[in-house]
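Next come two complexes built around chain A: one with chain B, the other with chain C.
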Partner chain A sequence: MDIVVCMKQMPDLQQIRIKDRKPILENVPLVWGDLDKNAIEEAALIKEKVGEAKITVVAKGSDKLQQGILEPLAMGADEAVLLTDPAFEGSDSMGTAKVLAKAIEKIGAYDLVILGEGSTDNYSGLVGSALAELLNLPEITYVRELNVENGKVTAVRNMEESFEVVEANLPVVITVAQEINEPRLPKFMAIRKAGAKPRHEWGPADIGLSADEVGENAASVDMLSNLAPEQDRKNIILEGDLDEKIDALVDALIKEGVLGR
Partner chain B sequence: MEEEKVEVVIVGAGLAGLSAAYVLAQEGVDTVVVERGDYPGAKNVTGGRIYMYPVARYFPELWEDAPLERHVTRETLTMMAENCSTSITLDSDRFREEPYHSYTILRSKFDRWFGDKVMEAGAFVLPKSRADDVIMEDGRVAGIRMGDEDEIPADVVIAADGVLSLMAEKAGLRQAQQPKHFAVSVKEVIELPSKTIEDRFSLGPNEGTAQLFFGDLTKGMMGGGFLYTNINSISLGLVVGIESLMERDPKIEVHELIEDFKARPEIRNLIAGGEIVEYSAHVIPEGGVNAMPRLYSDGILVVGEAAGFGLNMLLTVRGMEFAVGSGVMAAETIMKARESKDYSAASLSYYEELVKESFIFKDLHSFRNVLSMLENPRLFNFYPQAVCDIFEKLMWIDENPKAKISSTVIREGISKFLNWSTIRDVAGMLRI
Partner chain C sequence: MDFTMSPEQELWKQTVREFADQELEPIARKIDEEWHRIPDEVIDKMADLGIFGITIPEEYGGCAVPGEEMQYAVTTIHELARGELSMSLPVYTLLCIGWSILMVDHATEEAKEEILPKVVTGEWFLGINTTEPGGGSDLANIKTVATKDTGDSWIINGEKAYISGVREATERGGGHATLFLTEPEKGYKGATFAYFPADAPGTSYTTYSDMGRMGLSTGGFVYKDVEIPKKYILGEENKGFYVNMEGFNVARAVVSAACLGGAEKCLEISADYTKQRVLFGRPLLNFEAISFEMVDDRAQLEMLKLMLQKGAWLIDQSRKDKSKVDFREINRTMAMCKCYAPEMGVRVARNGMMYHGGFGYTKDTPLEMSLRGTMSYLVGAEGGYHVMKIIMGRDWFGDEAVPYRGSQVGH
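Our next item is the complex of A and B:
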């Protein structure tokens, strides 16, 4: 069985500082999206279950990927395709799906394509569906449980109010929800050995696209502004002894509508 | 790789650990650095300023494009009394000559960069990983454990895990610690435009100031404050002895001390309008040579602050140079031991020889009595107030006729400084 997992590195959201309402991305370490890790974990679990399987990770990001890719490789991927060419920068969701589709077509063998249901930074949730469309494959979204048997998948989808059980023939695109598994922490020796696994770097030409068909040039969505919400602090200092302060705090919270609704 | 083992595992990607790794990697030794933070430097709370002369001899090529902040051209010592302060400032052309004497440094930035250099040299830096224990095999250290599941077996371990070194403790190299050998430090990094910093501190481009404070800011407790100008931020903080804090009555919290310190007119105008971008606290060693653990055992070496290599010399505070030096010495020891693949205590004892012959041990030894002097509360309340009083009398003009300068100085000097306690203090000073 051939499994392709699509992943993306992004700035560690917990370390981004906001200044003048804009995020400061300089020097923020890159991490994998939370759901991307669920995606690779699920692939690794399937491989452990079915025995014979090859997992290829397709990852888009900066040249820092060379280091970062060790983590999914250590978690169980066999091979990695890195889309690090600067021409890919500034893609919108459709552009990302197009690049992934071309890369997956080039890989050629794919029974399962697994992604997170959304990325931790933009969370558009579009890439999985667009990719399925471009590859002309069925897609099952919001998957919280996945079973692969006899050329078929059975998936439980999280519909928030209910669970839906869906079956499909392979090949199929799956987007996973966070509750599907608990991503493993790769052990040191696995990380060390991951360095020896095959890695390929593909630019636009390698996947049959020209530089102006990808990245910012090809984006159909323009981001007009990306600002953090403004938040004024109340700067109230409560005076008095502890009991008085607690009473004053409760009063203030009721007045703000935080308590007693 | 044939066996599931590395040659050297270093715990802690600070200056000591990274320096050792850098040397070892360049020599082709299979080296892994394990770091608890998200990246090297993420957990660092150094003041800080690095003195270049002691470290320039080690990997000179590295320092050339290191992301240091400003070279220090002005040194100020401020004695703070309750409502006034007296400062002595040294501004010397010698500090403006290259190679510069010292630089301010932001370790979160520097260590991360150094970590990348170490990776480029061929060592592996593993962040977000905490070493919890050493692997013991036949009475020797044979690697480290991380959590319940993971471990890194190794020929030799370098404990570079800082002041409360768990590795040294687990390997049985450290005895129970005394509170008097430690202090707690809090630091804020306050961002301001570079031009504002240069204007406020009267600095040229890339020039920096280093200022140390003692006196009322620690409310009579052993300790002091520091201020360093970075490119576009100010590192401001204070250090206070843990024993003094424990004994103080009424109790006071360290964060209250720094708030009061920042509210002082001497400080508040310097940081006005700045944004606090980092707030951190850490334990720092003050024990000097008296609190050093054993530096080596079978399969393990201890470097940097883990080995107690930090020194408060009253006018200067040092640690980073010792970290770099001890890291390099540990690497040299391993290179020598590697020739015969003998990592026993006898073989690794070469490290202690290197340390004892070096500036590290000599400085720690020469300044071993500073601690007892710093325990003198008069240093933090009586002297700053007395000096302020004399200067204030000299400077003050009012409707009354002014006494002669000489008589003011003599009268005040005799009344304040000619008594048994001050003579004893001076005698104590002479031992440093």
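Our next item is the complex of A and C:
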């Protein structure tokens, strides 16, 4: 079985400071998103279960990927494709999906393509669906349980207020939710071996695209601003005894639309 | 010159930090106050990650990177100590991975094959056993003695004191690298170093009630006609004192790393607190009496970290090729680290308690736990604070600075 996992590095959200409502990204280290780790973990679990499988990670990002890719390789990936060419920078979600689709087509063999349900920074959640469309594959989103058997997948989807069980034939694109697994910490020996696993760096030409078909040049969505929401505290102090305060609190929450939807 | 970590070293550091955050920090208080031991499942998880094999070659089941053992050992202990501020688990681990190095370098093949794989899996504990009721600083005057030599083994009588892990080695299995006399009339030149299995018949132990690091036992061993096979020798007969000292340098590095990690975490706790604690209308951090002290501490911890990295690197280089490194430089560097690391650890924890006021004196912050645990390394263990100064003085001034110069017994 051939599994492709698409992953993205992002600034460590714990370390971003906000100044004048704008995130300060300088000197913030890059980390893998939590959902991206769920994706590689699921691939590793499937490989452990079915025995024969090859996991290829495809990641688009800066040259820092050369260092960062060690982690998914130590978590169980067998090979990595790095899309670090500066021409790829500034892609919108569709552009990213296009580049990933071309890279996956070049890899050639893929029974399962696994991604996080969204990236933990922008969280557009668009890339998985666009990728499935471009690869002309079925897609199952928000997967919290996945079972692969006899050329088929059975997946439990988290629909927030219900679970949905669906089935599809391979190949298929899967986007995973956080509750699907607990990503492993790589073992020391796996870290040591990860450095020797094959990595390929592909630019636009390697995947059959020209420089103006990728990155900022090809983006159809322009980011006009990226601001943190304003949060003003109302500083309401409720008076009275406990029962009165509880009633007042419930009234206030209903008025704010927090309760009683 | 290069101070950058390799991608593998970076990823390992991140991995151990995540492990410490997720698995150790939530249970540190329980280890210290309720359980008074390190849970087996935590040791199993650490073994599974490869932590206990970090200094042991693959041929004995370990995963050591040849030539980088100490760099990895120091990083590992540093990160573990950030998560477990009582110091119990960092000390347990640093003893195992530190004394494994000495065993790799000086044990017989038979002993290595028997012992090291069990240390890697976390099954056995490995520690150090030199101090006696008469003291630990004046090691040349130990009394534990081989009263008989049967050819294949020694019959040992004597007593050891203030030993970490007496209960753990006895209950889990494993033992301690032990210094004893084989030719008592020659003093330290008649001392031999060997691995003593804690379950050797005739061995008994008692434990003490300590001030801190309550999850790891401290106690004494009594040896009454205990037979120790010679296959357990470390180095050569009557040269044990020097082998022991070599082991102390490794131990001082990982001990310093434990103090450094704990101090670093205490300082972060203090930074978080002083940022949000408002007093007289402004954050506590706004008072220079506090912020200046904190930046002093931070700068000094950074200096310690660099010196420790150098020390670890020196030991790694010397293990690759002894002729390339001056043993005295290792000795000096490690004494400097081991002198100041616990002192800084205690100071940073104490300073943090001061910023927290009455809250800092409660067990609702881990600061007091860190202070109690780190004190153990100030008073003793691999040489206490003042012994490090004796070593530094002798290194610099020569024998004129040695207080025991001219003494009669053992020197």
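Here are some notes:
By our rule, the second predicted complex is superposed on the first by the 229 of 261 C-alpha atoms of A that agree within 3 Å, B and C clash if a C-alpha of one lies under 4 Å from a C-alpha of the other, contacts with A are read in each partner's own complex, and residues count from 1 in each chain.
Simple rule for what comes next: contacts are C-beta pairs under 8 Å (C-beta built on N, C-alpha and C of every residue); 3 or more make two chains touch, one makes a residue touch a chain.
Please read these numbers as outputs of a predicted model, since none were measured by experiment.
With the two structures aligned on chain A, chain B clashes with chain C. When the two structures are aligned on the shared chain, A:E71 is found in touch with chain C, with no touch to chain B. By the document's definition of touching, both partners, chain B and chain C, reach A:M189. When the two structures are aligned on the shared chain, A:M223 is found in touch with neither chain B nor chain C. After overlaying the two complexes on the shared chain, residue contacts for A:N27 are found with chain B alone; chain C is out of touch.
By the touch criterion defined above, A:D12 reaches chain B but does not reach chain C. In the superposition on chain A, no contact is made by A:I237 with either chain B or chain C. Of the residues of chain A, those at positions 67, 185, 187-189, 191-192 touch chain B in one of the two structures and chain C in the other.
Residues of chain A touching chain C in their complex: 66-67, 70-71, 74, 185-189, 191-192, 194-195.
Here chain B touches chain A in the complex through residues 1, 4, 6, 32, 38-39, 109, 112, 119, 124, 126, 129, 146, 149-152, 275, 277, going by the rule given at the top. Of all the residues in chain C, the ones that touch chain A in their complex are 7-8, 10-12, 14-15, 18-19, 48-51, 53-54, 63, 65.
Chain A contributes residues 12, 15, 17, 19, 27, 29, 67, 185, 187-189, 191-193 to its touches with chain B in the complex.
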